[in-house]
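There are two complexes below, and they share chain A, which is joined by chain B in the first and by chain C in the second.
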Partner chain A sequence: MKFLAGENIPELLEKLSLLSEVWAPRELRGSGGTVMFERWRSGDPLDLEHFASLSAKDMVLPRTEKLFGFSYAFGGAAVGNPFGAPAESAGGIPATAGESIRITAAEPAGNVVLFGARACDAKALTVLDALFDQTDGKGYNDPQYRARRAGLTVITLACVTSDPACFCSSFENGTAEKAGSDLILYPVDGGFLAEAVTPKGETVIESGVNSRNKVGSARGPGDSDPETGEAASGLTLFEESALETPVLAVTAKVEGLEGLRQKLAAIFDDLEFWQAETEKCISCGYCTYACPTCHCFNIHDEMRGDREGVRLRSWDACMFHLYTQETSGHNPRPTLAHRYRNRINHKFSYYPENQGEILCTGCGRCIRGCPVGLDIRDVLRQAVECSASPGEGGDR
Partner chain B sequence: MTTVVQAGVKATDPLRPEPAKVIEVIAETANIKTFHIAFDEPSLMEAFTFLPGQIGQLGILGAGESTFAISSAPSGRDGIEFSVMKTGVVTSAIHELRAGDPVAVRAPLGCAFPTDDWRGKNIVLVGGGIGMAPLRSLLFYLLDNRGDYGDLTLVYGARTPEDLCYADNRRDWEERPDLDFTATIDTVCSTWDGCVGLVPSVVEEKAPSPDNSVAVTCGPPIMIRYALESLEKMGFREEQVYTTLERRMKCGIGLCGRCNLGPKYVCTDGPVFSLTELRALPNGL
Partner chain C sequence: MSDIVSIIQRVLGDVDLVLGWTATGAGGVAAPARFQTAAEAERAVFNATCVHNLAVHLPRLKDQTVGIVAKGCDSRSVAQLIQEREIDRDRVKVIGVRGLGGSIDVRKIWRFHGYGVPVDARTDSLFIDGKEVDRQEFLRQKCLGCRDMDPVIYDELFEASGSSITGIADAATVETALSETGLGTSLTAAEAMSAAGEDESRPLGELFAKMNSAERRLFWREQYSRCIRCYACREACPMCFCRDVCIMQTTDPHWTGAGVDAGEAEMMQLIRVNHLAGRCTGCGECERACPVGIPLMLLMNKQNQVIEELFGYRAGTDLEARPPLLTFDIKGDSRSEK
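Our next item is the complex of A and B:
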């Protein structure tokens, strides 16, 4: 494997930022320790120790994203102000038949390097791919998601320590999960061992070669040593190394998750169970926003004046009452219990059934950030226990 | 669920609508209008096909879009129709539309009635209120392919005579010898000399045979509930009964996450479901 000295990371990011936006975790100034994935610019500090509060899903599903722009060709009218006064009074222009719409595509997404993701963040991307980038032709593909995903390179920081809320070891590979990562950095003394998982990862390693043009050096990037014909050592950020990869952290494991789909089906109609589990929930939606796999969205239009506007999509949350509220007043998921039951089933039953992936990677963000201390691991444990003795209620 | 999802008009960019124009607005009732629309691009209009039961997103850029059943005949080549009840922000904006006004449409979406599987069978249509919209499209299709099907029965009801849609169509349907059509209203009314009674009871009175038959019901949830009871009482088995569902929808393509019943999405797996399929779903019916 290759060794990357810790002190060389800013230089690597510098190189990468020539061709891509770079996003990396850093402590928000004045936040008292909140770490977030932020756009990295030369000189910005990094925080590779703490866990980012929110996930990196913005890289592929921005919290608000323009789907397209639109404009009306001429006249005022019919739609001058869809929410307000009758068309005739919009700017004094009478309603005119024969206007036409022009739709303009959103600007294409550029390349992004995500630096310092964790295995759970990277895995979440492949989980989302199963829905938004379906190659089997059965579903619809999402062109904007696919463009962002194609332009994304993920450099993952392997976890040698973990947080009490982490529970990725409940799933197949835990901290050793490689899916979704292009390059994995394993922390070792003085730096990191780098393992390229994909061709994109190889490219990152190549971009480090001969990158350091010392002052006074006549050589340009990509030049090799004229005498040896090899890339001069000392001019590459990634050096060959015989170091062993470190022992990775083992996180909390929720037992009994095998056959969870059947277990959840067994307690589906036990609304009392779901009421008990959600008693303290305040429907704030934090868990859905922090989650790396939650992807529900809303679509809405914003006008700029009377003539043009944009159609946007933005994150939505299944824990909100209005999410499924119909205009008639009917709500198919009227209570918190209904909504949370759907949330858990979506993650651990429906999505696995439809997409073949569990819609959770055990990152623990929903646990760390929940304002009332609702712990999804407890809910899963209770569900497993309760399904073993349906009707008796288990330990509620 | 029987028919595969058809590619929308923009299979490559399914969230992007196509510009279209309102050709005609027909006021059906005090709060329901039917909008006949056509795509701006003639080649798109020529290539457009759908099957009865499929849905579409009709919207006004700036106000938003909502999901509606396509209520016109699949054989119609000059446009498609949506019947819209004025209820919320988007439908109120749509109700302001006049002929010539621009709209934005994403269609067709969702799965159709499995009309191929129904060939040779008798078909019983049970509709209430605005729920007649998808049944109207289905009925047009069945009448266009009349020879492929057995007896056709339609019971269509609303609260009052003024709440019945599709007056012109109803006159045609009443005159057709190859369709047994009954329009009914909930309570006696001085302007109505036709059938009076709730839709499920009228269906029971007409008592179409369940033998080699399929029943399709669409209407307000309470009507569907009692219609299903009546049909089962008459001997229709689950697999002979179909309905269409409605949910709040945004994307219409199975991504945004809100219209699911268990693992099935009304927008892509539905809106057409057989009673067998629904009863297998958690909280189906």
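Our next item is the complex of A and C:
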């Protein structure tokens, strides 16, 4: 494998930022220690130690994106203006016969390198692909998503440590998951071992051509390959290394997730169960916004004046009352319990059924950041337990 | 003196449910819970990680009689909700907590000691991973300037026997810091922010107070630019009870754009702040719930201070008082034009 010295990371990012936007985690100033993926520019600090509060999903599904712009073009004077006033002052009148609507495409997304994602962040991208990047009719062929996804290179930082909120080991590969990553960096003494998973990842290694003479650069102890001194002389930031990859962290495992779909179906109508699980929830929506796989969005038009505007797509959350509010006033998910039930079912039942992937990668953000200390793992355990003892469950 | 469990069990004789805490929240700290039976109440705890303002649940539980464990600050929210007739005094039993001595900022502990580190946060001492540390260091910022050690209203009293807060004397709070209008300094927003980064114990408000208006604008632009419009600030607020008719999400009229950028976020926050004028009790839940760490209490504290100066009113401190900005009095004393 290749070795990348920790001190060379800024130089690598600078090289990458010549051709792409680079996003990397850093602590935000004045935020009380909040770490987020932010646009990296030369000289910006990095925080590769703490876990980012929000996921990296806005690389492919931005908080807000312009889908297209539109404007009404006049076919003739005063057409569609029943009041006879000058067309400019006709308040909010939609295009009618004689008018046409001009659509302007959104600017194409550029290339992005995401540096410092974790395995759970990267895996989440493939989970989203199952919905947004499909041409076989099972999901959607979402052009904006696909363009962003195609232009995205993911450099993942392998987890050698974890915290009690992590639970990726509940899923197939845990911290060793490679799906979604283009290049994986394994922390070792003095730097990282780099493993290219995809051709994009190989491109990153190739782009690490070193312009400076690296002889005598500081190396970590234990890396005494006599070749490296020469190999590093002015060629590349990535040097050949015989180091072993480190032992990765093993995170918490939620048992009984197999067949959870049937178990959730068994307690679907047990509203008391869902009420009990959500009694402390304040439906703030943090869990959905921080989640790397939650992808609900809203589409809305923002007008500038009466005659032109943009159609935007923005994040939305199923934990909000308005999310399923119908025009008639009826709301099929009137209470928090209904909404949370949907959230859990969507993640562990509907999405696996429709898209073949569990809509969760065990990143633990919804647990770590919940203002009322709600732990999704407890809910899953209770669901398993409750459905396992139908007599008791039926009484709830 | 009664322990919290027996007080809750006693109150359960009069109400449908009691809002309190159990010790079983994520990360091993207290989390809000509802108790409906004496057996359930056996799980109740009270410690310095009971940071949540449970009054946020009251407007959602109007069809039930509710008991609520309320710290001094939380009791102000209960009182203000009663003043606004959002909830009925007769249907709420308040278990006031007296002499807590401040609650603990668990996120600060997690930040320096790792998420989920064992925390024993008593009301008079603090142990992290079994070692006693200076409790004062991990107090919530808002507790340092506490003026509400005693609950405003209560039906039962729980004595928390907490340690005294030594920060009160110098009152290094945002509220006082903001009172020094520091126009004309050469401190830029960025400099102020990096200074804050160097010394986390220094209240942001102190630095903020040194900025001139252009610098403040820069400062807030930077803060708002990371807002993701998740509305956690609103949902966590006990006084934001409009729920599904909130101005932020109405489409007709379309008061705020739904796009996510610093300008829209600024508009949204300024509207929210204004809607809380004379209503905000300073509980800080908005700031605590903010996933991207926007210091919302800088805005709230400033406004609360102005309201106090103008009207001599602190929200939720007097059940009989009429909230100044909820009163339309055509011949009111405050109007010079009759």
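To be clear about the criterion, the second predicted complex is superposed on the first by the 340 of 396 C-alpha atoms of A that agree within 3 Å, B and C clash if a C-alpha of one lies under 4 Å from a C-alpha of the other, contacts with A are read in each partner's own complex, and residues count from 1 in each chain.
Please note the rule applied: contacts are C-beta pairs under 8 Å (C-beta built on N, C-alpha and C of every residue); 3 or more make two chains touch, one makes a residue touch a chain.
All of these numbers come straight from a predicted model, not from anything done at the bench.
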When the two structures are superposed on chain A, do chain B and chain C clash or fit side by side? fit
Which partner does A:His346 reach: the first (chain B), the second (chain C), both, or neither? first
One more residue to check, A:Gly32. First (chain B), second (chain C), both or neither? second
Which partner does A:Leu374 contact after superposing on A: first (chain B), second (chain C), both, neither? second
Figure out whether A:Tyr289 sits in contact with chain B (first) or chain C (second), or with both, or with neither. second
Which partner does A:Pro143 contact after superposing on A: first (chain B), second (chain C), both, neither? first
Which of chain B and chain C A:His321 touches, first, second, both or neither: second
Shortest Cα gap between chain B and chain C in the overlay, whole Å, is 6
Chain A residues contacting chain B in one complex and chain C in the other 298, 300, 303, 325
Contacting residues of chain A [partner chain B, same complex]: 67-68, 70, 72, 78-79, 82-83, 86-87, 95-103, 105, 131-132, 138-143, 265, 268-269, 295-301, 303, 309, 311, 313, 316, 318, 323-328, 330, 332, 342, 345-346, 349-350, 353-354
In their shared complex, at which residues does chain B touch chain A? 5, 8, 11-17, 19, 21, 40, 60-65, 87-89, 91, 93, 96-102, 104, 221, 246-248, 250-251, 253-258, 260-263, 268, 282-283
Counting only contacts in the complex, chain A reaches chain C at residues 27-34, 36, 50-51, 53-54, 63-64, 163-165, 279-280, 282-286, 288-290, 298, 300, 302-303, 312, 314-315, 317, 320-322, 325, 367-375
Touching residues on chain C, where the partner in the complex is chain A: 25-34, 52, 56-57, 107-108, 110-111, 114-116, 190, 193-194, 196-197, 200, 204, 219, 222-223, 226, 228-232, 235-236, 243-244, 249, 251, 254, 257-261, 285, 288-289, 291-295
